[in-house]
Structure formats: C-alpha cells, structure tokens
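Common to both upcoming complexes is chain A, partnered first by chain B, then by chain C.
This part shows the complex of A and B:
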C-alpha cells in the first residue's frame, strides 16, 4: 500500500513536468527551419509549390502553431500519440516496434557496465595505488575517452571482418525462420558487440564511482569496528563496505537510464539496430513532430519508472532512507 | 577527420583509377565464357528510408533502388543510352506532336495475377504522374487525356506539342506504371501498396521491416523468358556509411549504390580485388555542383562580382585533391554525359585567375577596406554529400583570398530547402543540380523565372531574363530534335554568360559492388533498373 501511494504521488508530480517537456520540445522544433514537407521534398529530390501546399494540408501543417499544439495536447490527454508522417502508421505502433531492441540493448549494457564496474571498482579499491589499481584506472580512462562510434567500428573490424566470429550489424538474421531458443541465441549474437561498445563507456564511470565510494567507506569507523571484531577482510568488504558503497552506484543507474536511451543513436547507427535512438534522430531530420514527441513521452515514462525503482532500492539498501521519504 | 579526406591526393586517385580499370575489365572479359547461375540472394545497402516505395508517386533514386525492381516503366534506356521498350513495345508521335501513341506489351500480369492493360497506363498517367509525382506534374502539365482504344494501346493527348525525344528520355524515371485495381479506391497517398508495392517487375515484394530490411523474391511469372536469375534481393537499412563499408568487407552486403560510402572508403575498396568501384552504370544520374547567387544582395546582382567569384576558385585543384576520379570539370548546366544535348565547352567559361577576380571586384566598386576585406557573405551548403561540405570550405578559403569573407551556415535537409528556396535567407548556396537525361525535366527550372517561392531546386535567385525564359519555353515544345538541340546550346551560352548559378563540377554517382556480381552496370541507370539479368557467380 505504501508503495502504491508513493507511486501515485510520484506519478502526479511527474505529469506537469512531462507536459512542460512536451511543450518545450514542440516549440523547439518550431524554431528549426523547415517542416516535414520540406524534409520530404529534400528526400524526393524535387516537387512543385502546389504539391507542397497539398502535402501541408495533408499533414495538418496549414494550421497555426497554437492550434497544432492544442490539438496535440488534447489528443495526448486521450492517450492518442497521433500519426507518424514518415512511417504512415500510428506513432504508438512505430514506437512499440522499436522498443524491444532499445530496451534489450539498454538493459544488457547497463547490467554489463554495472557489474563489471562494481567488480573492477572493488579490486581497484582493495589494491589502491598498487598495480591493479593503476591498470584498472588507466584502462577505464581510455574507455571513457574513446568515442563509441570508433569503438564500434574497430570491434566490427576485428570480430566481424578478420575473425568472422560475430555479425557486423543488424538485429537478427534476415529471412531465417527460427523461433524460440534459436532466435534468442541469434539475437544475442547480434547484440554482443553493441552491448560491449555501449557498456564500455559507462563501465569507466561505474568503476571510478565504485572505487571512490569504496575508499570512502573503508575509512569509516564502523569498518574499523568490524575489523576489531575479528571479521576476516572478505566479510568486511562484502557485508559491511559493499552495501554502503553501492548507494552512489544505484543513484547513477537512475540518472543514466535516460542518457542511455539517447546515447544509443551512435551505436544503433554503427550496428544498424532498429532502436529508439535512431528513430528519434530520423524524426528530427524529417521534422516528424508526432513521432518525436511520442518518443520523448515514452522515454520520459521510462526514466520516471526507473527512478521509482531506484528509490525503492535505496530503501532496501539503507533502512535509514524510508519509502515514506 | 579533415586530414583523412585530404589523403586522397593525386597519387591515390591515379592508383584508384588503375584499380577500377583492372577490376572492371577482368569480369567483363570473363562474361563471355560464363553461364549465368540461377539463384542466390543479393544484399543491397539502403542508406535512407523513404516514406514511399512506389516509383509512380516519387521520383528519386531512394525509391527506384527498391521499387524499380518491383514495378516497371513504359520505357528504359539501353546500354547506349537510347530509349528501349519495357512495358511499351513501340511508340509514335503525330506530326503536330500533340498525340503520342504507345503500343503496350501483351501477356504481362501484375504480381497478384491480374492482367496489365492500357487502363493501368491511363490511370497512372492522369492520377499519379500528372497530380502527385515530383517532376512528373511539370512534365505532364499539358497532358489532357489518355485514350484507351483497346487494352494494348494508350494514346496520350497533349494541349501543346510534346517532343517525343523529351518524353522518351523522361519516362525511364517518370514513367513507372501502377495497377489501377490497387489504387482506384481511396486516397492514393495513403494506399498500403505504397509501402508494399505490387508491380509487373522481376521481383515480388515480400516484407518490409522498418529500420531493418526489405525483401523481394523472384517473380516466377515474369514476362521476360528465363529471368530473373536471383532468388531474392534484400535491402539492408544501414545509415552509417562507415558501417556499410565494414559490412561489405564482412561479406554481408554485395552492393552500395549511388555514392553511398565515404569518398575515402570508395577509394580504398577500389584497390580491393573483391570489389568493383566505378561510375559506370550511373551515366543517367549525372549531377553538377552549384554555386547559387542571391540577387537580392546588391553585390551579387552585379555580374562582375559573380564572374569574379568564379574566377577566384581553382576548380581543377579542388577536384584533383578532394574528389579524385569521381568528378570532372563542369562546363555548364548540361553535363557532358548528355550526348544528345551537350553543347561542348565552347560556351563562356571562368578559369581560375585570381588577378582577374581582384580586378573585376575593384572594377565593380568593392575596394578592399583597411583589413583587406571587401564584403561578407553567408554560404549555405546542402547536407546531401561530403563533397558539398568540402566544396563549401574550399569556396570559403578561395574567396577569402580575394577579400570576400564567407560565413558557412550548415542546415539539415529540410532546413536547407526552407532557407534557400522558401525564405531566400542566403547569399550563396551550394548543392547538387540533378540532370535527368533531358534539360526540360529538372534543369531549365533552375533558370526559368516565375517559380513560386517554396519550389525547391528552382530559380529562387531574384533574377529574371526574358530572353532565356523564351528559349526555355520554345525548347520545351519544339518537336524537331535538331532545332531543340540548337536551342539548348543557345540556352547554355546565355546561362553561362549571365551566371545566375555556376555549375563548375560534374559528377556521376559511384557504384561499389562485389566482384561476384555479373551483368551489373550495363545500362546508364542500372541502379534504378529492373536487374532482370543480374546474377551472382559462385
């Protein structure tokens, strides 16, 4: 019950923010020169002014901006995200098609970054200023400083072109009529390289935060008490230090869930994955307002949901933070 | 990034050309001995998804590359660039040029089994080409009716004379036929067949997964005997050019059409024996790089300034160092690939001459100020290709040498069209002019006055020349081919003299294709054609 009321309050607080974001994006896109008909003309390679007029009417662009915005918000209240100009389908359908690859990629790389970062961070903190620490920190810094498109292309060069172990792109084998386990394995094979590429950059952040937070907690009084009690070092680290050091990591997950959605445009393009990031990019270039706003809406919902889960996790990890807030 | 592009210097360009020559010649020699192999899947790089796959409704290479295998035009171009019948078998024009009769191929069926008839031609011409198809609506402006005396004859009636050679050269791009029974009910623009096309072509549409791939399979009932050879074509959506090059190398792609890769990747793969990199097969898709002048700026309304700008830019140097073999010096709005209309290079040209440029600017009254500057301009480059971006930077640096400061303002596609062709918010613009086999299709609109604002790639310069307008109008209805050619030669001379737009670089799209492919690049618009004879060697 307490969780439900918390969820309710959270949602109520997010609705005004959500509307402000949507109105903001709507207005921002009005400032970009050109509309979806200009973008379409660019794609077609030509067209006369009469065609442009008919098309503007067809897409409802002949109305004034406030009317367009009003129409959009009114539709949204009725949970109708509208019709996509570039796809010729309802926005909800378009987004639902793209959601699974995005969520798969996001969860896979976030989990990879979180757990690898956790383990490496602990190792680095245990051997602070010794060679494991130096090695891990340097490698982390290199990962962090390297652009992800370069990582992706290099990974394709090595694993797809030279070694031919993994596919160079795509979400699954085209035309293969596998189902069940076969299909799952096929998709997993296609996701290995993108997951690593996207995860490596976040890995560096997680490992640094983990290391710093471990070092801080290791110096606290209760750790000294635990050691004085005669506990062995492994138990001290796992039972006492780790749990406390995890708090900043959990905060970071909440923050990065949002970044990951947007940050995957590059990775999706390099690996030709049909995800939300590429869809968003395409909607901006094509000035497809409905699709873009729909993506913003869905992303915002995802971020709100993830942050809600993070709050619940906080309470689990540190009983001093109660779900009552 | 900039430096890696610079690496394509003269030497690489020469090596590349040698590699291209070797690659092109060897498979050609092999053709004679080989028997075509049936079967195989051909994987094609598809860079930018369109809203449309039906070529009767949208004329662009992004549509032809898919829809052109599924649907067919009345006429296409043969290896020599002459019109050859596809769905039409023969044609004739009445002496006054107002009636053009097409005899249609018999025994052709749509993919759903219904017969193809003259009703389909009449329906497509009047409802799609005339009303919706870009460039088609201009071409068919004076089309009044299409009579269908029998199922295999379509008679096009025009209000003004329609030169037969214009129509035949325009129809390969603007003459695709759609099925009347699919489109006759409901809004044509929203018809589901627009993204799941039904045609008469060698390949049948199978599946479209947005953002991933499109599949078409062999049409067992295709009208050409023993065609096609391939079992299936798969178009893979890959937006990242470098990733597409990687997939070619990994063997997951066979073909990247229409300069779909970066210039450096095309040069690199040109030296790789597994690929053929060539401009062959794209002669029907010539384009020129432009500099468009806005006459609303008083400096640019002065012809001396426009000529000075042209003289200030060393075009051969730019081509040699940045574009290599993939481009050549342009001589005006009609490119040299257009054998029927190219007037030669004896029209006014503007070779690189910095001293002359400076003298012309002084003469025009724009003396250098204390800092050495004369005036400043805003240059809007189109975002269509990396050559435009490089060219814009080159213009900027060249003009700075003669005292004109250039600010480059970059936009995406929609933004560029709006700012240049609707809002006229530019001083200089640069992009591509696409030449479509006859100057009347998409070339003279760049010069003809009276174009409403908002029509992209048309005369939006605030410039008007009644004499040129008259030549353009006369040529569009002149049915004598010899007189037409002379009119267009006159047009080029005048256009190059007045210089409202300068077109100093000629380019043809570059094809990158697996060396296993056979019968490829054998017509001037091969990437757009049906691929009925394409096959893959083991």
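This part shows the complex of A and C:
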C-alpha cells in the first residue's frame, strides 16, 4: 500500500507538468502558419472568405487566444480532444485507432532491448576486458551510432527484398482475414523488423548500463560473502548480483520512455505501420494541428504512465524504497 | 598534459579522433574538391559506385554526385550538430546554474519546466517546432538545440548543488562577491568539465535527430544533407540500395567518432573512474 501511495504521489505531481506541456504547445501552435480551417479549405479545394469565416466561428477559432485555451482545457477535462478536419473524425477516435500498434511496438522493442541488453551486459561483465567484453562493447558502440531509420531500410533490403523472409512493411496482410492464432502470427511477422530497428539503440544503452552496474555490484562486500560461503559463480550472479544490478536498468526504462516514443515516429514511417508516431508525422505534413496537439497530450500521458509503472516495479525490486517512503 | 597522454593511450579514443578529423577534413575540403553545387545535375542518374571514375560513389536518382553530397553533408551535419549542441549546453548551463545556485522556489519552477520538456518525447516536440516555424537550416538547428537542453541542465544543477556550499564559495561570499561573480567566476569553472564531456552525447544525438528529420523530408531540402539523401534513396531501395547505404555509413561513422572522443575525454579527465 505504501508503494501505491508513493507512486500515486509521484503521479499527482505530474499533473501540473502535463498542463504546462499542453499550455506551452497550445500557445506555440498559435504561431503556426495556417489553422484547421485553412487545412479544411485546402481539402475542399478552396472556398471564399465568407465560408472560412463561418467555419472559424463554428470551430471557435475567431475567439481570443486565452478564451480558446480555456475552452480547450475545459474540453480536455471531459476527454474531448477536438475534431480532426483531415480525418473527419474526433481526434480521440483517430488516436485510439492508432494507439495499439505503437504500444505493441514499444512493448516488444523494450522487452527485446531490456533482455538482450541484460544478457549481453552480464556476459561482458563476467569476462571484463577479455575478448567477449571487447566484442560486445564494440558492437554496442556501433549500434548506438546507427541511425534507426537507416538500419530499418537496410534490414528491409536484406530480409524483405533479398532473402524475402519477412514483410517490408505494414501491420498485417490486408488480404488475409484470418482470426485468432493466424492473425497473431501474421502481426508478429510484420513486427519483427520494426522491433529490432527501434530496439537497437536501446539495446546499446542497456547493455552498457548493465555491464557497468554488474561490475559495480560484483565488487560489493555481500558478493564476497556469498562467494566465501561457497556458492558457485552462477548462483552468485543470478541470486545476489543480478537483482541489485537491475535497479539502474529499471530507472532507465522510465527515462527512455519518451525517447522510444519519439523513435517510433521514424520507425513507423519506415515500415508504414499505422501507429501513433506515423500519425504525428502525417499531422505535421497535413497541418492537422488539432490532431498534433492531441498526440502531444497522449504521448505525455504515455510517458507518465510508464514512469508510474516503473515506480511500482522499482519499489518491488528494492524494498528499502517503499520502507523509506 | 597528463590528461592528453592518458587520452592517447586509449586506442578507441584515438580511432574516434582520427574518424572525427577525417569528417572535419571532408567538411573543409568539400568546396575545394567539388567546386560545383552538390545538388546540381552531374551525370546520368543511378550510376553504381566504382563503375565510373568521374563519380566515385555513383549518382543518385536525379543524377547528382553522391560523393559530393557526402562531402557537403559533412558540413551540414557538423554545423547543425555543433550549433545545436552549443545552444543546448548554453540553455542547460543557464537554467541548471540558476536552479542549483538559488534552490527554493526558483529551483522548483525551473525543474518543473525541465520535467515538462523531458516528459514530452523530444522528437514529437521537434515535429511541433518544425510544423510551427518551418524547416530552414536555422530553424531546424535551433529546434534541435531547444529539445536537447534538459539533460545538461540537470547535470549542471547537480554540480552546482554539490559545489555551492564548499569552502571556496563561502570564502568568496565572505569577501562580498556578488551572486553573478560567484556563479560565473567561482562555481561554473568547477562545474564545467562534466558538462563539456556530456556535450559529446548531446552532439551525437543532435546529429541523429537532424538526420531523422531530414529523412522524413522535414529538414531543409535545399542543402545537401546525409538524411535527405537517405530519404531520396528510399525510393530506389529495391535495386540501387547504395544511394541510402552510403550516407547512412557516413552518419554512423560521424556519430561513432563523436561518442568515442567524448568517452576518451571522459576517461582522460577522470582517471580514477577508468580503473575498471
């Protein structure tokens, strides 16, 4: 319970942050050339000034900026993100349709980066300064420097065009209306390359942190005690070192949540996945500012939610945290 | 002097420095080796690399010399990376120094703002900034700088928090030095080294951010940049994959070089940490 109240307090503290973001971005978007009505008129193929005026009045765009901001925040409290003129649907609907692929992609990439980083980090730390360590650290450095979109393109080239093992893009095959297991497998096949692409840079970060953290914990007194009482090396690492070395890794998940969401914009564009990131890109290109603001709101919410979960996990891994709270 | 010797003892740091010097050399010699506009039509489109001595790295979809674009792209990447990093570090130091030195409500407010910037995914904020201010070289550089300052700000603040009550600062205060003098003259020089080392991370990320933006056709289309070229090569990926592959390698080596140099500087300046 204590854990929950601690994490809950952190969650409550993030509400002002959320409002700060929304107000900031809302005011920023006032400087954008062209508004929703301009975008609509362009889609309708032009129109006269009177129509534009009527439309502006209809959407409340003729009011002063503070009033518009007030209206927006008031609608937001009721979870109404406004109307997307481009998609012809409420922004909430548009975003909810696009959310599942992004969440799936982020979860998959995070799991891949976390576990691969963990295993590689442990291997590197066990043989510090020997050849496995050098090899893993070098590969990590190279992955860290690889632009994700470029890696994605090269992966498409090798695995989709040359070897023809995996699909080059999309979320699922449109033709096949399978259900259940078949559909799951189909989506999984489509997500292999995007997951690797998005996870690559995080894998590099996780393995570096895991290696450093392992080396730090391996030098502590309780590890020497565990060895002295005759435990074999595997058991020392798994039961005593790993749990303690995991803490910085978990912290990192929270810190990297935003970066990962940003990375999905690029990755989803490379693999034409119908996710939130691609929606962000499209709304910039199409000047759909209402949707863009909605995405800002939802991505901030996502980051806050991930951090909330990380707090809970953290307290679970390290009992001292909830005891002190 | 000892730090320089320590730097050159690490092979990774030396490799990084050599790579970085090569990229800088490319940026400097671009105008001299390729006096023509790199975005001008040069020959037949889609010539493979190493097949025509006139175009060592081949040509892209519209018949522009890839090698020339790689050389000029080095300028753009270093320019945007360097300027954006300078902006990010300057904002970060300013905010971090104020927050760390004064503490109290100033710290509270500034950290709230920093938190807001960190909660919003930086690439999404970058998209918003580009949507609002357009995508010229200047706006993109400033935008990349503006989304990158929170981490240096936190680092500076942490340094200031640990330094602000040390004896030498108290001595300065007793001497009647003003806050500005204490911040700029006494604390900042001591807080600076880790921040400067961290600048290499900021620069690596800045180069990656700009190239991603260019790849999405959201950066300045009127300059030869590596990201633009990769975005262009995407259309002919099926057969002429080299159009995308070559500039990607250029980005990879540049970011690698910047990271290795940063790492090397870190190890050379903090020899005690290097023990492992």
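Following the convention adopted for this analysis, the second predicted complex is superposed on the first by the 280 of 325 C-alpha atoms of A that agree within 3 Å, B and C clash if a C-alpha of one lies under 4 Å from a C-alpha of the other, contacts with A are read in each partner's own complex, and residues count from 1 in each chain.
Assume a contact is a pair of C-beta atoms (placed from the backbone, for glycine too) under 8 Å apart; a residue touches a chain by one contact, two chains touch by 3 or more.
Since the model is a prediction, treat every value here as computed from it, not as a measurement.
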Contacts of A:147 with chain B and chain C, given as first, second, both or neither: second
Chain B versus chain C as contact partner of A:128, first or second or both or neither: second
Chain B versus chain C as contact partner of A:258, first or second or both or neither: second
Touched partner set for A:70, first chain B, second chain C, both or neither: neither
First, second, both or neither for A:300, with chain B first and chain C second: second
Chain B versus chain C as contact partner of A:32, first or second or both or neither: both
Which superposed partner A:287 touches (first chain B, second chain C, both, neither): both
Partner chain(s) touched by A:157 [first = chain B, second = chain C, both, neither]: both
Partner chain(s) touched by A:97 [first = chain B, second = chain C, both, neither]: first
Residues on chain A lying within both footprints (that of chain B and that of chain C): 32-33, 149, 153, 156-157, 161, 269, 284-285, 287
Interface residues, chain A side, partner chain B - complex: 32-36, 38-52, 58, 85-88, 94, 97-98, 149, 152-153, 156-157, 160-161, 164, 167-171, 174-175, 269-272, 274, 278-279, 282, 284-287
Residues on chain C engaged by chain A in the complex (per definition of touch): 12, 112-113, 115-116, 118-134, 204, 208, 211-212, 215-216, 218, 227, 230, 233-234, 237-238, 241, 244-245, 248, 251-253, 255-256, 259-260, 276
Residues of chain B touching chain A in the complex: 41, 48-51, 58-62, 132, 134-135, 137-138, 189-190, 194-195, 209-213, 215, 232, 234, 236-240, 242-243, 246-247, 249-250, 252, 411-419, 422-423, 434, 442, 451-457
Interface residues, chain A side, partner chain C - complex: 14, 16-18, 20-21, 24-25, 28-29, 31-33, 128, 141-142, 144-151, 153-154, 156-157, 161, 215, 258-263, 265-266, 269, 280-281, 284-285, 287, 289, 292, 295-296, 299-300, 303-304
